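Data block below; observations after.
Labels for the chains are A, B, C and D, by order of writing; each one numbers its residues from 1.
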Amino acid sequence: MQSIVHVCLAGLSSGMFIWLVASGLTLIFGVLGVLNFAHGSFYMLGAYFSYTVLRHLFPNFWLGLLLGPLCVCAVGFVVERFFLRYVYRLALPYQLLLTFAFVLIFDNLVKIVWGAGSLTPPDIGFLAGSVPILGRKFPVYNLFIIGVGPLVAVALWLALERTWAGRIVRAASSDREMASAIGVRVPALYTGVFVFGIWLGALGGGLAVPYVGLLTPGMGETIIIEAFIVAVIGGLGSLKGAFLAALVLGVLSSFGTRYFPAFDMFLTFILMAAVLLVRPQGLFGDAR
Amino acid sequence: MSMGNVLLETRKLSNWFGKICTARELDLAFEEGVLTSIIGPNGAGKSTLVNLLTGNLPVQAGSVLFRGKDITRFPIHKRVRMGVCRSFQILNIFPQLSVLRNVMIPVLARSGRSMRPFAGISGEKAVLRESEELLEKVGLSRVRDSVAGALSHGDQRLLEVGVALAAAPVLLFLDEPTAGMNPVERVRLLESIRELSRGGRSTFVLIEHDMDIVFSLSDRVIVLHRGEVIGDGPPDEIRENARVREVYLGDEMTDVFRITGEE
Amino acid sequence: MPDDRVTGRLLRAIAVLAFVAALASVPLFAGKFVIYLAMRVMILGIFALGYNLLLGGTGLLSFGHGAFYAAGAYGLGFFSLHLSPNPLLGVAAGIAAAMLLALLIGFFSVRSTEIYFAMLTLAFGMMVFSLIWNARDITGGDDGLIGIMRESIPLFGGVKISISQDSRYYFLVLFFFLLSFWAVHRIRNSPFGLVLAGIRENAKRTEFAGLAVRNYRLAAFVISGAFAGLAGSLETLLESNARPFMAHWTHSAEPVLVSLLGGIQTLTGPVVGSILFVAMREIVQRFTENWMLWFGIVLLVIIMGFRGGVVGVVRQLADRARGPRGG
Amino acid sequence: MTRKRISRRELLKLAGTGTVVAAAGGLGQGLLLPRNLWAAPPKIKGPVKIGYQAVLSGTLAGYGEFHKMGAVMAVEEINAKGGIAGQKVEMEFRDSTLKPDDAIKNARYFVDSWGADFLAGIDSSGQALALAPVVQQLDRVLMVTHAATEKLTEEMVFKKGIKQIFRICTPTYQDGNAAAFIAKDFPAVKWATVSPKYEYGFTCWKMFQDTLKKLKPGVPFVAESFAPFGTTDFRSHINTILDAKPDGLYSTEWAGELISMVKQGREAGLFEKVKHVIFPVGAAMDVLEGLGKDMPDNIWIAGRYFFLYPNSKTNGEWVARFRKRWNHYPAYVSETGYSSIYAFKAAVEKAGSKDTKAVIQVLEGMSMNSPAGNRVFRKEDHQAIYDVAWGKTKADPKYPFKIMGEMKVIPTTVCYNRPPFEGPGTAPPF
């Protein structure tokens, strides 16, 4: 019992963590139709900026989490406004290539600015430490992540369904021409959505600082593939799908690691292929 | 070639989009050599019917038979091989290929030489000749080397019909072949359809909005309304059909004339 | 008009001859490292040329071709370690293994298109990667398959051609490269190639031309897999090892990158892209350790400035220069 | 540089004596004067060029930087003191990216294009094994400074006879076998592991088990959980260990992954439940500094070198110089990088030539003094034999990170596999 509960909790926290990163990826794909390969790099930048704020400016976890991702948004703005915007009309491979170029550039820049070695974050205050659950310790911070994940999901849902801006975003995502016909400034909207998606990714990075406990110049590369899998299984562009897929995958791999050690990437990719074969649009994607 | 030889028939063919019924237990038969037109107001289920018959939409209920053989579950290419082909309402050509290559693809498919990866395409003399003849027939020889996407709209529509014809179909569905054409082009295209039909190689089924054309050209007119056949017979008979008049005398009638009269 | 066509053909023939002559004379004047790099370029070129039959030719973006490259590499590896060290038979075994795998993966993948196809091939490719990584007893795990020797090629009558020296192996690679180039050229200009182009332009219309689109996609997939297998087996002979990362998605992305760099709508695009890819990195690396940064910037410039790939843009410029005379 | 200009007169005089001496030598046939004294010092043409490669990109880029610090410092020192056999040392450093094909390309570039006389570096086992036939073909000595796979020395050097490869760092024997010698003294009975899901992790765990079984028959191994390369979340692995309730944990996780695992293990109370913990590469500087006070006390750690061992003058001075030069404590790859350059110096000067064959001959069995203590390159497999320390972590006010408290050395003579590597008496304990 103790074991199962803890395996579940570990799965939940890792799933929610992936969801945080995958949400931005999914949102950007859903509205802009761009597969942002550099999303992992923005996640990395989020982590590094938050770390810097935390370590060198204000030793406050919340300020780091607030300011770090905001700085990354500025980077995201530049990327969209001056580069990505020009490849929307090009085929998918060109978008991938462009975002891939940014992966190389950001990875290397981080190495130049923050050094090649790994960085470890300072204390994060009251979120540190653990609480006993059924006689085994569980980190408070992981409980926090388990809470933040659904919070972000609900906030996103409310923002998209219940606000005026959300309605416009949804309109633009289903029909770009129609949206521009009814007077929406689509380019500006795209910039806004991209920057917001980047903010979500960078927020994931900021939250990763204490979660992973380590910052390295290549940290975005491992997360991007997991975020991709989640986004694909959930249905590209579907936030609801990504949320559930992240949950399922997190818990599944946690159980896999514990009870079926042979479980690894192979089965994850089998799952991904199976979903794509049976329901190409993913669990919750709309059949476009 | 005798009339009355049934090519394609449907048995209780039905289709729904959600709760909207676009085909309700249709029993239709298309005979060899009979130029048939399908008309009906917007949303009557004309395009759906063509999609179901040509395999572009999966059949939900009922069956489709070609020359007595059940082809309900046949994939598109197999139906085309048997002789059922179509053109599209929205342009459906190969925009970046030359006009000649556009028609070569169906001709190659027919010749059974399309799986040869190392043969030079310029060596396919018979295919080339046939493709050029076909372009001659639809009047596109003058632009044979142009990129299809760069043609005028009218020429692209001609090419659309040409590509469909290149598959040498026994039964050819033309889904609003004149959409977006100017009156001159439209007459020219329909004239050539009439001629081709008389040539007797293919039997045409036309979906058209322009009533004048439909009634002057067709041997048989089928009127669809909300997925049901409300009239089926020679043009004169249909003109007199009370139900058809009723349907067409509503807003839908004027609607039809407005659309077709726009050009 | 006919005059133009004849001169055009003549010019092209001269260009091809000059290209072949230049390649063939590399071992005569170039240093060992250049010979080695040239081989790497040609192997990547074979990979990309075949790959581009799919991307540029059929309009399918595969992210799993590393798996076929690895199949070629391990196919040759197992063959030469356990059956026969004959390099040509080994290459044949590698290609066969790659084609079989491509048939299997393609069978499931070609029903999807666009991004779903890309994701499916990515998933299958990573499964292969994971299999190679985990089947340690057979594949050597992450250490890779090592100790694959480059034996002589036996000819009739007991004569053997040694290829152990790089300057000799170069000609074998060159032979396969030219063969691939010729084959891809033929395929692009064949009825089959035209059908592929039709599928790229409009799959629905191709179906309504009476063609089983899925079969053609599968055929294109298997053919491009064969080229990947050839490239993989040639690299294994060159480096004498095969490693799991050959099947990784990062490696699958290489032919995509290379094809886009050079231009996917041209025959020479992938080759030019391969040269750029290898040479650019080599040059950047000589000046700075931060090669990723500069490489990324160069990529950015190429995407923003040369949309149709380098070859495409050069051709456009050439056309424009010729414009006034022709028009 | 400070050589005085020689005047023409002196030159003539010199020439004169030269002729006389030469004539005398010629006449006396070496009887008049002992010849060796008069023979010119070993002539080496041109600078000594060393091509060094290590990972400089990705998550492990920090290791490359540490390699570089050590190697660059050695080159600077040697050049300041007149170089190797009077010739300047030149070094070029390249990113190996951890990929075997890039490692091969770099090696070929170094030798065929840049004209390197020696090669050094290499982090991953896959790279080292892939490079073996290449360096044989290129015929240059490769000094491996980080990759630990025993296959390199056992199979490539010993069995296949690829003599060009030497390894200056400790191999998997240290991480697997030696750890078992540490473990045997614990009262612990049940062991478990979280280790990397690749050859290195598998091999070390197997060596640990095999040796410990021989030292302490009947010892049970209750759980193993292997984490793929790039794992950042060890929580399910930690659950596996906690469920098995072992008394001892052995883990060859290293670099950032070890940092993550320790942090997450602390949060889960792993180190309270498991009393005896061994991290064979836990004494790496990036790990100690990265964890800081988060590294639990009383954990047995080791590395391929730790800057507080040996407590010798050479080492103490070197660490001081290193800190002055880089404002950093030397990592183990800094030491192996540094010493490999000195190994080349010693070998070239003794051989009197840069010639690979001659240098190999000298290197085989060569003994050298280095910060890590005395190193001897074993003749059969070209493995450097030197002692590294094991120690129990403890805090020390002098350092911002945990250091080794109680130190212990497992002599290589008891924990290194012996050629011919197969059959009885080749694997420890002997």
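To be clear about the criterion, contacts are C-beta pairs under 8 Å (C-beta built on N, C-alpha and C of every residue); 3 or more make two chains touch, one makes a residue touch a chain.
Note that the structure is predicted; figures quoted are calculated from it, not measured.
Novice: What chain lies farthest away from chain A once each centre is taken as the mean of the Cα atoms?
Specialist: Most distant chain from chain A: B.
Novice: By CA centroids, point me to the most central chain in this structure.
Specialist: C
Novice: If you tally the C-beta contacts for B-C and for C-D, which one comes out higher?
Specialist: The comparison resolves to B-C.
Novice: Measuring from the mean C-alpha position of chain B to the mean C-alpha position of chain D, what distance in angstrom results?
Specialist: Averaging C-alpha atoms per chain gives centres 77 Å apart.
Novice: Could you state the distance in Å from the CA-based centre of chain A to that of chain B?
Specialist: Averaging C-alpha atoms per chain gives centres 49 Å apart.
Novice: Determine the centre-to-centre distance between chain B and chain C, using the mean Cα coordinates as centres, and give it in whole Å.
Specialist: One centre to the other, that is 42 Å.
Novice: Distance between chain C and chain D based on Cα centroids, please, to the nearest Å.
Specialist: 39
Novice: What residues in chain A touch two or more of the other chains?
Specialist: Residue numbers touching two or more other chains: 107-108, 111, 264-265.
Novice: Quick check on chain C: which residues sit in contact with 2+ other chains?
Specialist: Residue numbers touching two or more other chains: 292.
Novice: For this structure, enumerate the chain pairs that meet the touch criterion.
Specialist: Result of the pairwise touch check is A-C, A-D, B-C, C-D.
Novice: Which part of chain C faces chain D closely enough to touch in the complex?
Specialist: Answer in residue numbers: 31-34, 36-37, 40, 133, 136, 140-144, 146-147, 235, 239-241, 243, 245, 282, 285, 289, 291-292.
Novice: Residue numbers of chain B touching chain C in their complex, please.
Specialist: Per the stated touch rule, the residues are 54, 56, 75-78, 80-81, 85-86, 92-97, 101, 104-106, 108-110, 113-122, 124, 127, 163-164, 166-167.
Novice: Mind pulling up the chain A residues that touch chain D in the complex?
Specialist: 3, 6-7, 10-11, 13-14, 17, 107-108, 111, 115-120, 129-130, 136-139, 141-142, 212-214, 216-219, 221-223, 253-255, 257-258, 261, 264-265
Novice: Which residues of chain C touch chain B once you look at their complex with the stated criterion?
Specialist: 183, 186-187, 189-195, 197-198, 201-202, 204-213, 216, 219, 223
Novice: Under the touch definition given earlier, write down the residues of chain A that touch chain C in their complex.
Specialist: 35, 83, 86-87, 90, 92-94, 96-98, 100-105, 107-109, 111-112, 225, 228, 232, 236, 264-266, 269-270, 272-273, 276-277, 280
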